[in-house]
Every structure is written in C-alpha cells, then in structure tokens.
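Two complexes follow with chain A in common, the first pairing it with chain B and the second with chain C.
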Partner chain A sequence: MNKIRRIAVIAISFVLIGGGALFAEGLTANEIINKANLASYYAGKDGKSDVRMTITDSQGRERVREFRILRLNIKDGGDQKFYVYFTEPADVAKMVFMVWKHPGQDDDRWLYLPALDLVKRIAASDKRSSFIGSHFVYEDVSGRGTNEDDHQLVGSEGNLHKIKNTPKDSKGVEFAYYYVWIDKANFIPMKAEYYDGQGKLIRVVEALEVKDIEGIPTVTKSHAKNFLRGGETTIDFLGIDYNVGLDESVFAERYLRRAPAKWVQ
Partner chain B sequence: MGTVRIKNIVIAALTAWLIPLGVAKAELPEVHGFLEAAYGYKLEDDGTKHEDFNLSEQRGQLKTQYYFDGDNYLADKGGVISFKGDFLVDQHNDDETEVELRELNLAFTPHDMVDLKAGLQVLTWGTGDYLFINDLFPKDYISFFTGRDDEYLKKPSYALKASLYPALANVDLVAIPYFTPNTIPEGDRLSFFDSFQQGIAGTESERTLVEPTKDINHAEYAARVYKNVGGNEFAFYYFRGFDKNPRSYLDEANRELYYQKLNVYGASIRGAIAGGIGNIEVGYYESPEDTDGTDRMIENSSFKAMTGYEVDLGSDLKVGFQYLYERKLDYDNYKEALLPNDYYWDEHRHLLTNRITKLLNNQTVRVSLFTFYSPSDNDGYFRPSVSYDITDQWKVTTGANLPWGEDYITEFGGMEKNKNIYARVRYTF
Partner chain C sequence: MFRKITDFSIKRPKLILTIAALMVVLTLSQFYKVKMDTDPENMLPHTAPVRVAHEAMKIEFALYDMIVVGVVNNKHPEGVFNVKSLGAIYNITEEIKKLDGVIAEEIISPSTKDNVEQAGIGAVHFNWLMPEPPKTEEEALHIRSEAEDNPMFKGLLVSEDGKAMAIYVPIRQKDISYEVTLEIKKIVERYKGDEEFHYTGLPVANDQFGTEMFKQMAISAPLAGLVIFILMWVFFKSIELIIAPMLVAMVTVIVTMGLLIGFGFPVHIMSSMIPIFLMPISVLDSIHIMSEFYDRYPDFNDKGKTISFVMKELFTPMLYTSLTSAVGFFSLSFSPIPPVQVFGVFVAFGVMLAWVLTITFIPAYIMVVNFGKFERSRLKNQEEGAFILNKVLHWLKVASIKHAKMVFAATILLVVVSGYGISHIQVNDNPVRWFNKDHSIRVADRVLNEHFAGTYGAYLVVEAKDKTAEAFIHPEMLTYVEGLQESMMASGLVGKTTSLADMVKKVYYELLGGDRINNVIPETKAAIAQSIISLENSHKPDDLWHLTTPDYSKVNIWLQLKSGDNKDMSKVVEYVEDYMATHPAPMEISHQWAGLTYINVVWQHNMVTGMIKNFLGSWIIVLFMMLFLFKSPVKALISMIPLTVTILVIYATLGFIGKDYDMPVAILSALTLGLSIDFAIHFIERSVEIYKEKQDWQATADEMFKGPGRAIIRNALVVSIGFLPLLAAPLVPYNTVGFFMFAIMAVSGLATLLLLPAVLATWPDLLLKLDSSAGCNKGHCMLTWSFVAVVAAYLLLGYTNVGLQTVIYVVIGILVASVPLCYLSANRKGCA
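For the complex of A and B:
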C-alpha cells in the first residue's frame, strides 16, 4: 500500500512540476497566444488613440506620422474595423485609411483621398509590407492571425513566456520563425524577434512602456527595428480611451468622405 | 512669396466672412498648403503658344477648415466650412497671377441620416482608374496631359450635395446650377485634332465652344444609390445634364461646337476577388437631342462598359489592369447621315490600361507607369513618373506624358504632338 502511495505521490509531483514547466501553469502555447492576441488587439469593446510615429532611417533622418485610430471589435478574436485619420505630415492630413479586418482571409481596405474626393479600394494581400513607410508592418498594427503560425512554448524567462512561432505557409512571409515574449500576468507581448532561414535576427518589435488604462494593461510606447533595412520606428500612443461607444456605422464610406467630428476632433 | 503673409490674408478674409455669421472665435483655424514650382519641357514643336514648354508655373495652395463652435444651429449640426485656394504665377500666360478657388463650401448634418454640402466642391464617384463612365463631373485634361499633380485632374463644381443614409441603401443627390465644362486642349497650351483645320492644330485653331447659358433649366443633376454588402460595393448612377466635352456642332460655318444634352444611366460593382480588387462599371449614354442618331451634327447615344483588376504582388509592388469598351449606338443611322467629307468615328472602341506602382527606399520613392493602349484606335499614352519624398516637407516629382497614335482623329493620336517631360518641386506646410 505504502509503495503504491509513494508511486502516486511521485507521479503527481512529476505531473505538477514537470507538467508545470511544460504547460506553463496549465496553459498551452496556443492558449497563451490567443490570450496575447486578445490582450493586445481586442482590449475593451472598442478603443481610440492618437498615434505619433517617429520613423528614423539608417542615416538618422526623421519623419513623423500622426493619426487618430478608432477600433471596433465585431467579434472578440475575430473581425474588427479600423478607421485611421491622418493629421501629419501636412500632405496626408485628412486622408483616411479604413480596414475591415477578417482574420484568416484578406482584409477589406479603403483609402480616402480628400483632394480628389476619391474613395479608393486598396488591394490588401500583402500584410507583411511596411505600414506607411515605418518599421512596423500591417500585421504589427492590426494583428497576425493566430492560426497563421505553429506555436511552441520554449521556455520561461522571469515573468515572461517565450514562444516560438513558425509560419504554416512561408509564402509571402519575410521571416522563417519568430520568438515572442509574453507577460505571464497580463498576456501583453513585450518583445518579438524575427529570424531568417539562417537564424539571423532581422527585426525586433518591443513594448517600451505598458500602463494601466481604465483597468486595462495597455502598451503606450513601442519600438521596431529592422536590421536589414536599418533604422527604427517609435510609436507613442496618446489619449487612449476604451469603450467609448463607437458605432459600426462610423466605419463606412459616409465617414470617409466626411470625417466624424465627434471622433476625430 | 511670403507664406506667412498669404496665410494671414486668408485667415483675415475668412474671419471677416465669418464674423457676420456671428460665429467668430478667438481660435484661428489651422492652415495647411504647399508651394510648388513646375516645369514641363515640350519634346515637339506643335504651333502652340510657346515653343519650348507647356508648363511653367509657381503655385501656392492654402487650405483650411472652420468648425462651427458655440451655441448655434451649425455648431449643433457639425457645421464645417472648407476653403482651398491656389495662387498661381504662370509663365504660359505671361507671368499673369491667377487665383484659383478649388473649394469653398459649407457641410453640415441637419439630421442623423442626412449630410448636406453646399458650395464649390470637388465631386468624384465611380470605380475606374483614370477612366470615367458614371463620373460626369468636370475634369481638367490640360493639367492631366502637362504633368500637374493628379489633384488637378478634378475640377470643382458649384453644387448642392445631399447624402441620405436610410437603412436600405445610401443615396447621393447632387444639383449643379451652373455648367462647368472639362478643360480640354484648345491649341493654346496643348495642340489637338481640329476637324476645321483638318489636322492637329495649335494657336491657329479658331473654334468657338458654346456653353449652355446660365439658366435654371440648364441645371445638372446627378444621383448615386449605393450599398456595401459584406465588402462588395454596389452602386447605381443617374446623370442629367450636358456632355462635358464639346462633341456636337452648333454652326459649322462659324466653327461653333457645343456641349449637347446628355443623360446617363449606369451601375457598378467593386469588391475583393482572387487576392485583389475587381470592378465592373457600365453606363448607357443617352443623347436626347439626337435619340435615333440621324443628326450628323450631334453626338449619338452610346454604351460604355469597363472592368478592372488590381493586385498587390508584395514588396510594395502593385499592378492594375483595366479594359474599357465603348460602342456608338444607332451606327447605321450615323453613317447614313454623314456627308462625303465628314470625319467619322468607329462604332466600337476598345481601350486597355495598365498601372504598375513600386515603392522603394522605405516607401519614400514611388515609381509608376500608367499606360493607355487602344488596339481598335491604334493609339496610346504612356505616363511614367518618379517621385521622392526628400523629407516630410519636400517632395520632387518627375515624369513624362507620351501620347501617340497612327491617326490624328483618335483620342491619343490627336494629342501626339504634346509629348513632354516635366518636373515639380513641392514644399508642404
């Protein structure tokens, strides 16, 4: 009897200790990634923020982009709508970029050019291209489909989970794999490192500052560096506000042509 | 040119204008704009006004918006006044200084489901890229063919636009009290095919273009009903007014052309397909002054259809293709009515276009080529351009306009002596 008991205790301890290390307090890599996706892209029902993007090229020259971003979740972890209203630089002021995000398929994107009063439809198959000339790509801004990669929990560093992500389809993806470090407590991704096929680091995206905003842990400053093209981009998120009561009707042609004063002023 | 001074003048003018409305505020609206110098070198001499150039100008643009504030009806209804105006010194017109008002309008939302915009405004709709079937709003083809920015292809109209948003579908209703024609080559800046000169004409052209008189019966109306169904955009269009190009003869002996009446009924669809964006647009052009096509002086009715596809190939490379088909209706009647020496146009026209755009150097360099080619007319038009955003303020653009054709009477063939290369430098503030 004692022997069986001892074996049981050892077995249970093994599961608790070993399994704990393997499954990170019971969470699988996929679960962590899903929670991180929700924490970083789906906070609240909706949100708005002013974004200041400082792009520095390899020779140290700076360019600044400023815009107001409005986001509405249609379904948590699923479809979302974005409205991006540019204010700087002057030559793109009042331009509007609208996205209907559909994870797993091509997004719908529109661009409104005020000088021509033109609502343009934009082909959106390349989500890995630079977002408005910065070191962030479209997927950094609106999220990468959680089903696009195989996720593997490779370790734990302090209060961070380390997950390796390998794309299921390498077509149209500039990296071979990337690691992402996710905060164990709030599931905010703190850092991502992208590697090429030779294992060379090509790009790093980092959260520089996380603040509690209306009870929601929020990245308020982030940074991207691209070692292939050189240079870096810093994003400052200002005036973040969640659950502001955005209505789906805002994300339509009506408000491309006539920016909703309530939301962009 | 003192930017600050011009800014102050405009702000003062706007303020003076707003005070009587009882809405003057201490806070001045933000003013943006640019200064630009442009030069277009002609590759051929064609008997137009200047031998060497068809573009040489310095332009300053100012734009601002005033948001109504305080306790009044317009503030309550989200009222906004938009102003945009250009100051131009034009060597083509002997250094004359011109003021071009591009926008001066009031927009507000009198009801949750209604937007109104009244005044001078640029109007655009339809799905084509440089091709227009249901966008019958005025355009400036001189700007297009000399190398000004795309913004100048669209001319503003004095209009009242009401946009309605009931649940079923969105509706735009536009009333244009005064006719604005397209700006087209007339031999002064650009040469063109002049049937009276029996060939390509420059300054020797002596045509008179007769516009509809300013009369309430000559107001134009345009409407669009549209709906976005799961990312697919459906639209129906209606237009009642005048052709924006003078295609009909009023008095041949006096070389008078005019803008005949035109009604257009059309539809379009645009949506994501096969990893890109596809569109189809059709229009029936009814010529009410010559419904059966038997009057040789007046443009016949016609049918137009186009389809396009644009795809993002990755690495900031985009490619787009379009095909446009135009058919002159009642063609037998037209042929029969012609006199022996008349120029005549084909029944069918096919036009293909291609756009390739590549962004380089962190998206600060844009290389683009737009090509028109008509296998039925044997003509075409190349529009290569390269632009570079040196900083957020400074931008340089260079490009060429290269129309060609086998025959003078076709659209691009008639323009073939207008080949130019141009450069622009712009400072935005």
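For the complex of A and C:
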C-alpha cells in the first residue's frame, strides 16, 4: 500500500514536474512572449504604485523623481490607460503624464504642465525616446507591442527562457535585436539585452527584485543601463496595490488639471 | 686651451673624423624612438590652470574635440536640401558612427539630433530631425524648415543661408583626428554626389599640421642646405672645400635631434624647426674659415700653416659669435612655454656643438682632403667672381667712410620710422593660419565660416556660489545668461551662442503652440523646470547636460566664432568681462573661460610677455659678453648698434606689412639677436687686430673692406639666399623663418658694413684705440656701472614684484655710488 502510494506520488510528481517541463517546452516563443506581456504589464484589473526613480549619469551625478502611477486595463493584452502624477522634485509636482495605450497603433499621450497651466498632447509615433530623462524608454514603461518583433526561442538558462527578438521594421528603433530572459514559472521578464547592428551590447534592462504582492508576482525594483549614453536608472516600486477599483473616468483630459484627490493623495 | 684643440685636430685629423662619425651613428640610432606632438595646447604645461579647468569642464559637460565635416552643394538650387544629398548625409553619418575613436552617441548630424516640433493642433512632437533619408523633395525641404526653426540648429547644423549642412564628429582624443578624418574621407567617397565636402576643426588642423611639419622637416631643411651648397660653390668653386661646412651642419643637426629624441622629448611644432635654425648657424663660422682660408692660402701654400693661421685669427670672434647665439636661444628656456624651453636649450646646445665641430672637424677635414682641384679653381675665380664682390665692397667703403654723416642721419631716420612701425605690430596667432592660404584646411575654414556661425569653439562656464539654490532655473538668472549671450553677440565677433536659456525658450514656445511671441524665458522657476523635464522626453535627454549641471548650479555658454584669431577671442573676452563688471548677476557667481580657441589666447599671452622679457634679458647678456670680449664699455655699446638697428627694422617691417606677431615670430627674436651680433663681432675684432699691425685707421679700413668684408658679404648672401626656398613652403612658420633669415642677414650685414666703418671714420679712437683697463678710465668705469644699473632694473622689474619707484631709487643709488668708486679706482697706483 505504502509502496503503491509512494509510486503514485512519484508518478504524480513526475507528471507535475516533468509534465510541467514538457508543457513549457511545448510553448512557442510567441506564447512565452504573450504570457510575459500579460505578467509584466496586465497584472490585476488595475493597479497603483508609488515610484521612486533614481537617475545616475555617467559622472555619478544623481537625480531623484517621484510619481504615483495608476493603471487600468481596458482589455487584457490590449488597450490600457496610465496616469502618472509627479510629486518630486517640488518644481514639477502636480505635473501629469497620461497615456492611452493602443497596441499596434500610436498611443495617445497628454502632458499637463501646471506651471504653464497647459495641457498638451504629445504626438507619439516614436516610443523609443527617453522617459523623463531616465534610461528607460517609453516602451519599457508601457510595454512594446508583441507583434512588432519576430520572436525566437533560442535556449533555456536555468529557470529562464531566452528569447531573441528582432524588429520587423528597423525604422525608428535604435537596436538591431534584443534578448529577453523570461522566468519559466511566472513569466516575469528578468532581463533584456539590446544589441546594435555590429553585435555590440548597448542597453540592459533588468528586474532586480520580484515580490509576491496580493498573490501576483510583481517586479518591485527595476534597473536600466545605457552603454552609449553612460549612466543608469533604478526604479523602486512602493506601495503596490492591485484591483483597487479604478474608474475609467479618472483617465480623462479634465482630470489632468485637477488630479483625482482620492487616487493621488 | 681651446687653441690646443685646433692644433690637435690638425695633427690627428683622422681621430677627429672618427669621433664625429661615431657621434652621428650613435645619435642617428635614436631616431626610431621619435614621438610627435602637434597639439598647440601643449604650449602650456598640463598643470596650467586654464588647461586643468578646460579638462574639468570637458568632463563635467561631456564635451569632446570635434572634427567638422561641412557639406555644400552649389549645383542644386536648394543646396544640400534635396533627396540625394540628404540621403548621402544620412548614410555617411551611419558609417561614421561605426568608426573607432568616434563618440557615436554625441555626433551632431540631422539624423542624430532630436527636434521639438508642432504636430497638428495642440500637440508637440519630439522626433529626430531626419529620422530617415527623405523620399521626396518636399520632405527634404521640410527638414530644412524644421532645422532653421530650431535656434539650436541654425548656424550649427544648417547654414545660415539654408544651403549647407555640417556634421560634427566628436573624437576620443585629439591625436587621432587625422586618421579619423582620412576614414571619413573614404566613407564620403562612397556616398558623395554633387556635394563638396570640407573638413576642419582645430584638432584636424593640429594633426594635419603635424603631418605636414614632418614632411617639411624632411624637405625644407635639406633644400635650404642644397641652396647654401650651390651658393658656396659659386663663391669657392671647390666641392671639396664646401663639403666641410655642409658636413658640420649635418652632424650638428643629426646629433642635436638625436639627443632630443633620445632624451624622450617629443618633436613638437617648435622642435621640428630645430634643423632649419641650426643649418645657417652651423655653416656661418665655417664660411668665415673657408673664406679666409681661400684668401690666405696663396700666402702660405700649405694647408696646415694656412688653417693654423686662419684659426688663430678667427678663434675669438667665432667663440663669441657662437656664445651670443647660444645665449639668445638659451634665454628661451626661461619662457613659461615648455616646448619653447626645449627648443631653446637644444638649439643653444646645437650652436655650441657647431662651434666645437668648426674648430676641430674643419681643420681635420682640411688636412685629410686632397685639394688638388682647389688650387686651380681659385686662380680662375680671382679673375671673375670676386670682381662683383669687390665692387660692392668698394661702394660700401665709399658710402660709409666718405658719407659717414649721411649714414648716421639715415640710421636715425630709420630708427624713428621703425619705432612707428613697431607700434603697429599686432600680437595675434591662429593655428589654422599656420597653413598657407590655398591649403585645403584654410579653404575649408573659409567656406565653412562663410556658411555657418563659426567653426571655432569657446566656452564660458558660469557658476553660482550657492550650490543648493538651483540657481540657473531661476528666471532672473536665465535672463542674466541671456544678457551675457547678447553681450557676446554685440562684440560682433561671435557667430552664435548656445545656452540653457536657448533650450528652455525653444521648448517653451513649442509647448505653447509654436508662436515666436513666446520665445522668452518662462516667468517662474517651476515653469522653467517643467519645460526642461518636457525636453527630457526626447531621444537625447543628455544634450541638456552639455549646457548645465543636474543641480543647475552651473551653466555652460557655447560660443562659436568665425575666426580663431587670438586677438578676436581676446576682444570677446574683454567685452564679456566688461559686461559682467557693469552688470552684476542677481545671485553671486564666478566664471571661467575654456575651449581650444581660448587656450590659444592664454598661451599666446604667456608667450608674448615672456618673450619680450627674455628678449630684453638676452640683449643685456649679450651687451655684457661684448663688454667682456672688448674690455671696453664703449666698444660694447658700439657693437650693439647694428644688432639693435636690425631688430628695429625687422619688427617694424612686420608692423608695416601687417604680419602678425605670432609664435614663430616670437621665437625668431632669439635668432635675430644671436645672428645679428655676429658680423659686428667679426668687424670690431678684426679691425682692432689689423689696427695693431697698421697703426692707421685709413689703412685699417682699407684692409677691412678686403678679407673680413668679403667674408661678411659671402656669409650674408649664402644664408639669406639659402633660406629663400622656405618662402614656398606650405606652412607659414617656415615662410616666416625664410623671411627672417633673409632679413637678418641682409639688414645686419648692411648695418655692420655701413655703420661700423662710419663710426671708424668719424671717431677712430673709440673703436681702435687700445683701452687702458676699464678701472683706470673714470668714464668707462661709470659707463660699466650704468650697465650694472640697467641689469638691476631689468631683474627687479622682470622677476620681482618691486615697484617702479624702488627700481628708480636702486638705479640712482648704483650710479651715485659708482662716482667715488670709479674715482678711487682710476687714481690708484696701477693706473698710468
């Protein structure tokens, strides 16, 4: 009996572990990327977090920016809305940056500059520009469209999938290809390395810390380094909260000038 | 003691020749170590405050030395703003990015610079100015209108006439700019169509200069040598005879350069000119020997006896002419400019080496070589060639002796006119102007400065005392920066300035809808901060940090000048300093200039003040040497006359023809001093010797216009004509040397042969009478003391902080004290 049970346990374990492995092995590069996209950008129905961004330039000079970020999924893997409310430095406090993300087409972006009493739309045909002077680009923050690259599973390193991504259209992209390492268990992208046409490493983005928050594996510390520019940026995510009940009306142009007190205090 | 050396050389010629050959082999073996240094920045020591500040600001604001590639299209009506040319520029930029040593991230090109532009109603767009090559002519023209609309780009990236473009290629170190430029030229060849490409920028000029300077070292010096050789042949008609001075010159140059390289000194712009300086100096003494040997040989008909006699006659003047030249150059070692110090010391060494060779190698050579042909040729020569020379000598004799008063009057007039000319000398330098007018570097410089705001960069860094105030995002401080920029532009010498104020204004008015009415500094600190953070959403957020620091405690104002002339940069500095003095900033600030154009100003200032000081110092040293040589203060002063006249005339010529007093000119003052005294030494020494024999000034003068006069003219002709080919060299410093050699020889030769005989004819006693020892003549004694007073004044003024009043007291004190001293000395028992 015992023996049978032990065999059964082993058999089940085998199925679970081995089968799990088989299952992962069975995933295509595109499937892994899609899961990673969901895991990293679409967790929960919505989310909010305080962000502390430390930009260090090639000379070691540091600047700190703090903002609250609100996110609402309109459709899983599809449209999303972001509301970024600045608190530090004092001169840019109350500045708001809002994005309506439309994968596959141009996003809508707004900038509210309180000192200029100005709401400005920002044309966003290009998502590879810097995110407020940091070493992250817009696509790092809101996610790169999964259809923009050809994905190729090139290997497995420990508990990570290694995928090579080559842009379908090299226009407006500063890299020739990039590798991304994705956690086999939770599909969190742990590292991305960007290479230029000569195969030179030009940029690295890494998840430095992943925590379980409300049952959802979440990156709580992230890091980007640009070898061309020099310098690096570290992002600390604090007070992350999922499924807080954000309403789509928060992400409206009229809320740019008058931030919704409930969500930004 | 030294006379014994000559006798030894006559007895053991082969040993002397072997030693010389050994020295050449030893030093020649050092040449492989040669290192070049063509960076004018090294005119200042690495520790010079301006260089330290410049390096620090380059790091702080991430600035690099740049190669400027200008693209001009004269065939297309829209200039480079057409599909083909912009396509070429795009591809060339992409290729340049891949070059080794190029800082790809910092290239300034339409495809690497971000632009803020209006994108439909109520929207702005951060985009590359030229994200991809344009496909239609409209797209090409759109790129132009965007570039012209951005004050950051106009005059920098796109020319003011909207027809040309420039690519700025930052490089890791200046010393690779020549190679990188060659690589860029190769790339350009692959893509170019109707466009013209020009390459400039100070690093290119410097590096190119180094390459050409190396060529010139190999061409000009030997060419001058060849011409000297031919001229000597004309005079002496004996190859065997004239090979000797050439060998002395070659050994001197090789040994000196070999030692310089062997000691690990880089061959700098300065030291590359050592051969060309040593060439004339080292043949001078030999020509005197040859000339005398040639004239005296018939009296002895024996090589040994002739050379022995000639050497005895010439020994003292040769020693002193060499010493004076060496002193002139050695004085350069007190200048504050390291390459000039090295130059001075090694030329001084070379001069003394040439002297040693002259008294050893020449006699040895004459003993060894077979002069069969020489004897035949000299007879023939006596009849023809010397005829013209004798005629010239005769004319000079008549002019100087019969019309002595006229000579004096003319000299005084000349000195007055020269004073006027000297007052017009412009102190100025510009490394790009070291190339001839039609050199590609100069052409590029001209073309690009016609089209663009200026290819010469300088920086003014303004720093707030309070580091924590974020000073430069305060509107009043940015407005102050704007005012500084306006003052720079008001100088009329600056083509364009760029600062944080320009960047903030640009993004501010684009955010407000693109209306130029809003091209102003925002009214609040928050508005400025928010404009800046908006700008940071571009592809190149770090462009901001070329103009300010992340704590906003410093700003860097970038000036583009159309001219790299130091005098222009100096004027801009003066203008801005004046503005700052009369317009106090709202917060306490300090400021610092930097940039290559400014560094040139600093070293040039050091050079000019340093050189004038050295020059006066050498003049005084030479005076004392003359005092020592002639044992008479009067003779010493007289011997200084031709030299002084020569210097005045040469520098006045510079003033009249508008040639700038630049680095080569400053250096040449040492040469002028050293060479101009030579003829006077020979003249006075020889006349005193001859007078001892003849005891009659008329007979002495007659004799002087034979052998010694002929030697002086031969010398003057050989050296002055020998250096004329330098006038054709593509590098201006070489032209300057050619001009100076010619002028020094011609003027000091004439001045010596006219003025000294005139003195001789008017006051024969002054020059010829044997002085009782200076201590026994009250007048001479006091004159000597007055020299001492001058030296004291010079040393106190030049090297201490003592005021003028004190100096005057010291001078008066010395003069007063000399009266009883000289009275006592002249009345002691030893004096007759």
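Note that the second predicted complex is superposed on the first by the 241 of 265 C-alpha atoms of A that agree within 3 Å, B and C clash if a C-alpha of one lies under 4 Å from a C-alpha of the other, contacts with A are read in each partner's own complex, and residues count from 1 in each chain.
Definition applied: contacts are C-beta pairs under 8 Å (C-beta built on N, C-alpha and C of every residue); 3 or more make two chains touch, one makes a residue touch a chain.
It should be emphasised that the depicted structure is a prediction, and the values quoted were computed from it without experimental measurement.
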Open item on the list: Based on the shared chain A superposition, would you classify chain B and chain C as clashing or fitting together?
Closed with: clash
TODO: State whether A:118 touches chain B only (first), chain C only (second), both chains, or neither.
DONE: both
Open item on the list: Once chain A of both complexes is superposed, is A:172 in touch with chain B (first), chain C (second), both, or neither?
Closed with: both
Open item on the list: A:212 in the overlay: touching chain B, chain C, both, or neither? Say first, second, both or neither.
Closed with: neither
TODO: Applying the touch criterion given at the start, work out whether A:59 contacts chain B, chain C, both or neither, answering first, second, both or neither.
DONE: second
TODO: Check whether A:198 is in contact with chain B, with chain C, with both or with neither, and answer first, second, both or neither.
DONE: second
Open item on the list: In the overlay, one of 76-84, 112-120 or 706-714 from chain C clashes with chain B and the rest don't. Which one?
Closed with: 112-120
Task: chain B/chain C common contact set on chain A - done: 57, 61, 63, 89, 91, 115-116, 118, 121-123, 125-126, 128-130, 132-133, 172, 229
TODO: Enumerate the contact residues on chain C facing chain A in the complex.
DONE: 59-60, 62, 98, 104-105, 114, 119-120, 122-128, 131-132, 470, 473, 508, 511-512, 522, 524-531, 533-534, 536-542, 544-545, 549-551
- [ ] Give every residue of chain B touching chain A within the complex, in rising order.
- [x] 32-34, 67, 78, 80, 107, 115, 117, 121-125, 127, 150-151, 153-154, 163, 165, 170, 226, 228, 231, 233, 270, 272, 275-277, 279, 310-316, 318, 362-364, 389, 391-393, 395, 428-429
Task: Interfacial residue positions of chain A with respect to chain C in the complex - done: 57-59, 61-63, 89, 91-92, 95, 111, 113-116, 118, 120-123, 125-126, 128-133, 171-172, 198, 228-229
Task: Of chain A, residues touching chain B in the complex - done: 55, 57, 61, 63-64, 88-91, 93, 100, 106, 108, 115-119, 121-126, 128-130, 132-133, 172, 229, 231, 249, 252-254, 257-258, 261-262, 265
